[in-house]
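Next, two complexes with chain A in common: one pairs it with chain B, the other with chain C.
Then we have the complex of A and B:
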């Protein structure tokens, strides 16, 4: 399965991926309108320390601990993709506790959110990858 | 300083309705123009630091930014222009030589734009390059004027060493130090993929790039930085740099601040020392001296590699080229005064040298008249901007062209002309690690390959239109050119007729 991979060698820490992620999941067609004065809550996060930076989003593990830990059955694996049913999520944070990458986070509605590789929004292909100016995030089969 | 004589050249215009405070402009500007004001909760800019490199403009996800030229004006004066006045202010403030980068921005005639290319109609059919073979492969090196035969009557095909180019284009010299590791790697990768050559410049060859040796021209300049037997043997050809179009007659000076880490190691000089290339080669004061160096280099490389001599286009360029053609060199590279540089005194860059079009035309004619045109190939550079410039250059007599500015633009350069400040936001003319990483060679080399492939298509289209199916048949074919708006004298030097003739 094609996944999003990061290459910290080329990550500039520009945080554009976060904004493209927030826009892609906003459901709106104009980025300025979608994100103007908004506090964004992206599903990808740039980790930075000491001159090194890289973007982290869901790794779509083959043996996902988050799915195992979910008490509400909101997380499931669909064709290798780990998806969340936000209607089922009770916001217990078990998945956040169990994910070794910190790839799940609460959404602005209180239930969890996670990267679904832009399969459930209108971007089609992962928006973070398309918006990365230096090919530091790639979407490929490995 | 109580009085600031210098008003900022540019204004940063931010469309506050579109700005989403993502701060990418702030993070990406090495000149620290943008910052986020926590109290106002908005981005603000200090345009006095802006060099107009467009990094922020290009990365702004909502296109909220644009840079405009300031309309702050001096009293109108055709002689004392705003630029002339501010140059005086600048020098009165610093007492220093004005530094500049890249090719001259002055409004000198661009002869490429005053030449038109011919096409076939009715009597001499044009050729469709998509359906018929079209040859752009070019060989550079000494050519035999006549067919030589072996004792058994077969043709003697042994030649002096040649460079084989898939397209008559090469990336010209830019040293590691003046440009970044990633810029060099992009050029090397692209040259390898394209089957052409890139040039190390005078800063030596980084050990990581020896693997690209078959597509590398190694340069020997007056500073002799990084020159050792392994270096000479690593390349496909050796170039002796006598001059540079942007700064004929003067040497180079890479500030100690850029001589760090691998740059110091590659140049074989201590960290932090200024790398000063003398104006002349201290062992070359005549064509005979040049000949000695040419043959020293050939001797050192077992006569397996062609030697290029690069000269700047100056007033006596044809006489100099005639000497070079007799020095044993295989290729002459001529660099016109619009050529780029990582740093040069502004007055030299803007006032010294001659246009490459005229230099090429007069050198080609002189060498033909003297019957030594086959001794050397001619490569020209100094602002080749597109495929039409290449076609015109070849029709004027060039064997191939050198491009550098175009290549850098392909890598993202916006010609802000502040390379000498070392803070290139595009990761090209800088050694700051956080800026160098902005140029991913994988992306950079793809863009270079795209550019040259696109030009190759266009060259074929234009050659086909003329009914010509090989670079060989276009070379020196001045009948394919007509001048437009040129004087009798200019036409005579270019050796072409005026449109309508």
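Then we have the complex of A and C:
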């Protein structure tokens, strides 16, 4: 399955992936209007320290601990993709306790959100990858 | 191949999924005492709070049993397992033969005898969907609820009903709340948070006697009540296998393949003892993730695979009115305490390994990175210790480990 992979040495720490993610999942059509003055809550997060940076989002694990730990049956595997049914999520944080990558976070409504590789929005393919100016994240089969 | 599963809850679903990964053809029969398809037991408090519905509480979608070709016998209790004839007998006398059996019978409330119990007119446990439904029916705006037990189940029940009753009083013999998962600082903090929302606690105290609508506590305090919820503790349902001759301690004994001491009989979930790798001892870990993963492991092995579940640790994520607590592992060795603006973090380190943590309030994000260090017994000398103590982050791992984690490089 195609996943988002990180080429750490190319990451500029520009955080554009975070903005593209937030925009892709905002449901709006105008990026400036969607993001201007907004506190964004993206599903990909850039870690930075000592001149190194890289973006982290869901790995779509083959043994997804988040799915196995969810007390609401809100997380599931759909053709290899790990998806969340936000309608079922009760915001218990069990998935945060379990994900070894720190890839889930509460959305602005309190229920969890996670990267679904832009399959549930209108971006078509991962917006973070499309927005990265330096190919520090790529969407491919490895 | 005939697979039979006793119990129709989380471990049972894990087992079905484990079996069907390799065996699409064998017949699977599930026997469940509760008259429902598998629902999310931990959500019964959220149901009372209005945060979910009975429909949304289903653990898997409505096609689950048909997609997996499972015969489901609900509303019936298994009363006997005969390992010689490989037969499970039900209370109505009917029986089901098996080649491979999973016992996933969970646990039931433990109710210590208390004086005057028979005088309580509205008395409930809080373990099942039916418990939640009958409790809900008996509550009014004027109800004064007395909860016996300040553990996870008692307090989740309190959260679930606080908005719809007049008052909630919680009594516990222990001097502090949630003693199984929190240190004293955490217990204090959560207790104050709950008191600010209206809960009244009588700790280091117990009910001496129930009268018709008041409870007399040992301390002399008199607590008026209309409804009593008993949430003192739970006991694993081990009787079926004990009578069949399996080794049973506090829970059913299983190995790391989730096999019991009787050939072709497996067990998983709250009815078993798990091997807690943080202390290298067997103990009961009545937790949903554990139940699922044990069930899945048992299912794989029942279908002829060689699966191991050898990473059991205690871990809890629990929240009350927006205050979140995540804890894992054991609180042993040296500890490091970090205060934060709205909470704190405590890490426990022994023999160069992270053994446990307590995260309360604003320190909970990305907790799973800590959990993974405990589960995988990652030597702390291999990672940047100061960075990982500061916050859970992948930056703390060596570049090659990051490449494996994020770049798919093996």
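In this section, the second predicted complex is superposed on the first by the 142 of 142 C-alpha atoms of A that agree within 3 Å, B and C clash if a C-alpha of one lies under 4 Å from a C-alpha of the other, contacts with A are read in each partner's own complex, and residues count from 1 in each chain.
We take it that contacts are C-beta pairs under 8 Å (C-beta built on N, C-alpha and C of every residue); 3 or more make two chains touch, one makes a residue touch a chain.
All values reported here derive from a predicted model rather than from experimental measurement.
Novice: Superpose on chain A as described above, then tell me if chain B and chain C fit or clash.
Specialist: fit
Novice: Could you tell me if A:54 is touching chain B, chain C, both of them or neither one (first, second, both, neither)?
Specialist: second
Novice: In the superposed arrangement, which partner chain does A:71 touch: chain B (first), chain C (second), both, or neither?
Specialist: A:71 contacts chain C only, not chain B.
Novice: First (chain B), second (chain C), both or neither: which does A:29 touch?
Specialist: After superposing on A, A:29 lies clear of both chain B and chain C.
Novice: For A:98 in the superposed arrangement: first (chain B), second (chain C), both or neither?
Specialist: In the superposition, A:98 contacts chain C only.
Novice: Applying the touch criterion given at the start, work out whether A:62 contacts chain B, chain C, both or neither, answering first, second, both or neither.
Specialist: neither
Novice: Applying the document's definition of touching, compare chain B and chain C: which contacts more of chain A?
Specialist: C
Novice: Can you give the closest approach of chain B to chain C, taken over C-alpha atoms and in whole Å, for the superposition?
Specialist: Chain B and chain C, overlaid via chain A, are at closest 16 Å apart by C-alpha.
Novice: Can you give me the overlap between the chain B contact set and the chain C contact set on chain A?
Specialist: Of chain A, no residue contacts chain B in one complex and chain C in the other.
Novice: Quick one: in the complex, what on chain A touches chain C?
Specialist: 3, 5-8, 47-49, 52, 54, 56, 59, 65-66, 68-69, 71-73, 87-88, 90-102, 105, 142
Novice: Any idea which chain C residues touch chain A in the complex?
Specialist: Answer in residue numbers: 14, 40, 42-43, 46, 51-52, 56-60, 288-289, 292-293, 296, 315-319, 324, 326, 328, 364-369, 371-372, 387, 392-395, 399, 402-403, 405-408.
Novice: Provide the residue numbers of chain A that touch chain B in the complex, in ascending order.
Specialist: On the chain A side, the touching residues are 9-10, 12-16, 19-20, 23, 31-32, 35-38, 51, 131, 133-136.
Novice: Note which residues of chain B are touching chain A in the complex, please.
Specialist: Where chain B meets chain A, its residues are 17-24, 27-28, 59, 61-62, 64, 433-434, 437-440, 442-443.
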